[in-house]
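Structures are listed in the sections that come next.
Next come two complexes, and both contain chain A; in the first it sits with chain B, in the second with chain C.
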Partner chain A sequence: MSYLLTQLGNGLMLGCMYGLIAVGFSLVYGVARLMNFAHGEFFMVGAYGALFSAELPLWRWGNGAGATMFWTLVISVLVSAASGALVSVLVERLAYRRIRRVSRTATFLVAVGASILLQQIGFKVFSASPRGFPDVCTPVVVAAPTLSGWLQPSAGLPCEVAVTSQLQAVALSPSGTSAVTFVVLAFAVWGALFFVLRTDTGLAIRAVSIDEKSARSVGIRPQPAIVITFAVGGALAGIAGFLWSLRYGGVQPLMGFIPGVKAFVAAVIGGVGSVTGALVGGLLLGLLETLSFAYLPGEVSGYRDAVTLLLLLVFLLIRPLGLLGRQFGEAA
Partner chain B sequence: MVRPRWKALVGSLGFFLLPLLGAGCRQEQQPVSRNEGAVDPAGSGKSVRLGAVLSLTGPAGTMGGESLNGLKLAIEDINARGKVHLDLRVYDDKTDPNEAAKLIQQVVQVDRVQAIVGPSTSPNCLRTGRLIQDLAVPAMTPTATNAGVTQSGEYMSRVCFIDPFQGEALAQFARKDLGFRSAELIVDKANDYSVGLADSFRSTFKKLGGEIVGEMTYSTGDADFAALIAKAARSEAQVLVIPGWYSDVGLMLRQAGRKWDKFTLLGGDAWDSPQLFELSGGNIHNAYISTHYAVDEPNPRVQGFVNRYIKVYKLKPGGFAALGYDTGLAFEDAILRAKSLTPAAIKDAINSIRGLQGVTGEITLNSNRDAVKPATIVEVLPNGYRFKTRISG
Partner chain C sequence: MALLADYILTHLVYLSILVIFAAGVVVLYGLAGVFTLGHQGFMAIGAYFAAGIACLMPAGGSPILAAALLVASVIAGVGGAVAGGLLLTGPSVRLRGDYMALATLAFAEILVALIRNTEALGGMRGLDVASLLPRASGSARLPILGTYALASVAMAAGAVLAVQRLGRSRLGIALRALRDDELAARSMGLENRRARLISFTMGAGLCGLAGCLYAHFSGHVSPRDFGFVQGAMVLLYVVLGGSTAVGTVCAVAVVYFLDEGLKLRCFGLLTGGLGDALVNWKDAILAGLLIALLAWRPYGLLTANRLRSEP
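Showing the complex of A and B:
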């Protein structure tokens, strides 16, 4: 039973991350009618942004380990969101905007090209060697004598950090990182939904995604809506990149490719263009992957991607538009 | 309307393709260490142009990087001795088999090297073996241990032992030295090295009366090991055997936290990397690997190499650094004995290396051009290695 719960938790976490990436992917598709295959690379850029900000000696700020951890987290989230948004908007401005109205095939090719280009730039700028992500909870852990064996103190981190009450308990348990990840995930998802469903800008974006011409006729300019959508999608991918590397521990230039594909799948399951659908699709995918690994025999379980995608294929035969999908007007 | 559309199309595609091409060209050629100083100070030495095609970046990046460091140290020594002069050119295949194939073609046909050091990894060697045979240029890999690597023909050889032997050594160590009866395998199914090593461990362990209670697989580059860790934690096995690359294993160990404390972990020489400690966050307990030498071996030859390496690179040399050094020595030995400096003559001399004293032991190439020598078992500590035992074939 506890095994099931553990694996459900693992699946939920993975699913939330897929969902977070998929929401941005789906938003962009809805508004710009563009399969943004570079979305996974925004995720990678966000992860590197968080890596560099987490490596800054920010632990000097604030009093006590709890505050330190809190600020490191906040700054990492902000930096990863900003770098994801920046690269997303840049790609839109430099490439997609020129080509958006030419043809579907051309936009598709440009998106694949952007993806490869960003990976190559990643190799050049960050090097192809994987990097370990610093455990932002480390100062707290090091300070606790009972758990000194859990993680060796890394050079440069202060061992005399004062330990404070509540946050300590969270950070000290090996699942502390999971708890932190989950809280940030929940906030990001809530923020995205709130933005799209409850603000005027979100309304405008949804209007453009439903029918660009009609939206224009009531005074909504599509281009700013598209830019904002790219920024929001990129920021969500960036935050997902940070949480991914925090939880799984590594950062490398190709890290965005597979999660990008998975997000695409999640968006398709949920119905491309639908934000809640993307979220649900991501959750389903994460749970399916984790549970199939957990319960299938060893010879098959390693092929969890194949198992999952096979199920997707069957699902699409039954519901071609996905869970919450709707038909888009081709005229848009 | 047609013209601007075409302009936009060409502009956008061009925007992406041009820098791509540029980046590709720039990264391929990285002659790091060229012939510095006079070509041949003594005037009597045999000069050979050597191309090193190694994995300096990517998931096995430190494998190539360390062996390159060792190789450079050896070449310094060899050139100082003056009987052989080696002119080294270095290329990075990014741990990508197709990139390795491209580079091999380039170094032979464009840069006209007489011999090749590399490729680093088993998948890259398996991908390029036929090509090397067709190009008829001798290649010696410092580090690729998969059994099939030298099957491509007489132009491919190596200074390291092979995985069937490494797997046997690990199984012997687990069964006889540690006395374990049950093992679970966690295999990288996308990596020939990992699959081959697991196969030989499995058969030897069973032969010695052990039991394989379960097997799981993952793929190179996976990031989420949470499900795998929880599943393995339920295993009845006493030992988990994980013959994967340090880049994946490091993340796996970090994510495992304390959930695997009841197991002893066994790995192959692909764990041997300084990056293992960074990626795992030092979260390594009860782990042993088979590798090529131990940095704390009291042997004076080993300590001489270790001290010099630390002086030059300010790092402790891992097993691959030692293999890189020995690859240099093997080329010196072969070139000294070679009848001429044609690739074919160098190849014949390499294939008759017998009893060469290297840092990783005495190197003799057998009829398959594989080095025959003992495996070293080291304990992996959170920040280094400790010599445990040595297992001969």
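Showing the complex of A and C:
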């Protein structure tokens, strides 16, 4: 029973991370009608931003271990959000803005190009070897099991394998990391929902995504709305990147690809363009993945990605608008 | 000199295979307007079917058996790819634009994930293809390579001409009409399902053929050869080529020239540290250049920027 509860908790957190990435993807698709394939790379950049800020001794201030940890975490979250948002806005300005209205296929290919470009820059600047995240959460736990050995990804293993073994490890040992992840996730999800559903800016973004012409006619300028959407989406992906690397380690330039694709699927399952839908889709996917990993025999776990994609195919055929999606005005 | 000839001939074969692959995508994307991200899946089917049939060759079998197996492998590869294409025809009638792109992407990625996890197909390591034709090696390397290059260039030229003619035929006009305005075309009596059936058969068949040739020439197939990025690159050639077969050949040539130029330090013009930096940052520079090319000419390198309906 407690095993099931642990697994449910893990699935919840994994799902929330997928959800955070998917929300940004979904929002951007809504306002800019653009499948932002580079979204997973914003996640990667956020993870690196958090890694560097957590490693800098500059931030080790405050009185006592608890305060130090608190400030390190706060600053890591802020830096990851800021770096994700910055890269996102830069990509929008440099790559998408000119071409977005001209051709959708070309825009998609530009997004693929931007994704490859960011990965390559990551390889050159940060090197290809995966890096573990420093154990910034230990002070809150009274009797912390030694997780550091598990959190270091074994060098040379492909990312997927490393992540799988860590999923198992984290699943069996409660730790401060889980608590921190849970709190930050809760705040980020609440913040995203609050921003989109309760603020005037969020209202403007939703207006543009439903009907750009009508939004213009009531005085909403689409371009700033698009830039803000990119910034928010990038920030959410960056925070997800921080939490992901905190929990599973393995910070490396290609880390964004698989979570990016999963978020893609989550966004479609929930209905592209819908914020709550993206969160629901992410949760569904995270729970499904964690539970199938926990309860199915090991031989089938290699087919996990295939099953995720099969789910996408089924949803596309049966409910192409997703669980909570609505029809967008098709550009004729 | 022999080294240069070797280099040119080998690259000619791979370029021809790429052009045949791209011709299939021209049918799918350029003519029928299917936003496809899964054509590398058709190529994978072709390649793995060809590899499977080639494995039936016993050691020291007669040349006649080899020839028969070669023909059988091409038929099986193309047939398998067409079957994959037919599988996607149904969804393609119902799904539009981005959603079709996701469906085709899911199709190809599921296929690759299955190959990766199936030990009988070699898994991640891939599969060695038994050679049905003499391998180019030793003293006879250049003549054999030359024959292969000639044959594959002829096939690529045939594929490009066929697709070009298809575009101008009644069928091609019907396909483009359905692509540009489905409602209007249907009101004129054109049927979407039939058009999709034909275009998926032809497009997937060409991709499968390219896969067959790739398997036989390279002698090794692995899931890594049929990844998403490879597929997206071919779609990029087609877009840069203005969605026509001949234009696509030009785009392939331009991108290949850029890529090789970067690899060879601007064809030897840059030496020292700058050249090293160029080779080191090659992929990043190429990605940046391609983004710039797309932003400059989103409808194709030779197509003026004007408002045009697109799939």
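By our rule, the second predicted complex is superposed on the first by the 289 of 332 C-alpha atoms of A that agree within 3 Å, B and C clash if a C-alpha of one lies under 4 Å from a C-alpha of the other, contacts with A are read in each partner's own complex, and residues count from 1 in each chain.
One rule holds in what follows: a residue touches a chain if its C-beta (ideal position, glycine included) is under 8 Å from a C-beta of that chain, and two chains touch if they have at least 3 such contacts.
Here the structure is a predicted model, which means the values were calculated and not measured.
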Partner chain in contact with A:320 - chain B first, chain C second, else both or neither: second
When both partners are placed on the shared chain, which of chain B and chain C touches more of chain A: B
Partner chain(s) touched by A:306 [first = chain B, second = chain C, both, neither]: second
Which of chain B and chain C A:102 touches, first, second, both or neither: both
Partner chain in contact with A:217 - chain B first, chain C second, else both or neither: neither
First (chain B), second (chain C), both or neither touched by A:255: first
First, second, both or neither for A:117, with chain B first and chain C second: both
Doubly contacted residues of chain A, that is, touched by chain B and again by chain C: 95, 98-99, 102-103, 106, 109-110, 113-114, 116-117, 120-121, 124, 302-303
Chain A to chain B touching residues, read off their complex: 3, 6-7, 10-11, 13-14, 94-95, 98-99, 101-103, 106, 109-110, 113-114, 116-117, 120-121, 123-124, 127-132, 135, 149-152, 154, 174, 244, 247-250, 252, 254-255, 258, 289-290, 293-294, 298-299, 301-303
Contact footprint of chain A on chain C as seen in their complex: 29, 35, 91, 94-99, 101-103, 106-107, 109-110, 113-114, 116-117, 229, 232, 235-236, 239, 280-281, 283-284, 287-288, 290-291, 294-295, 298-299, 305, 310-311
Chain B residues within the chain A interface of the complex: 5, 8-9, 11-13, 15-17, 19-20, 23-24, 27, 57-59, 61-62, 94-95, 187, 189, 214-219, 221, 223-228, 230-231, 234, 247, 250-251, 254-255, 257-259, 275, 278-283, 285, 382-383
Interfacial residue positions of chain A with respect to chain C in the complex: 35, 95, 98-99, 102-110, 112-114, 116-117, 120-121, 124, 261, 264, 268, 302-303, 305-306, 309-310, 312-313, 316-317, 320, 330
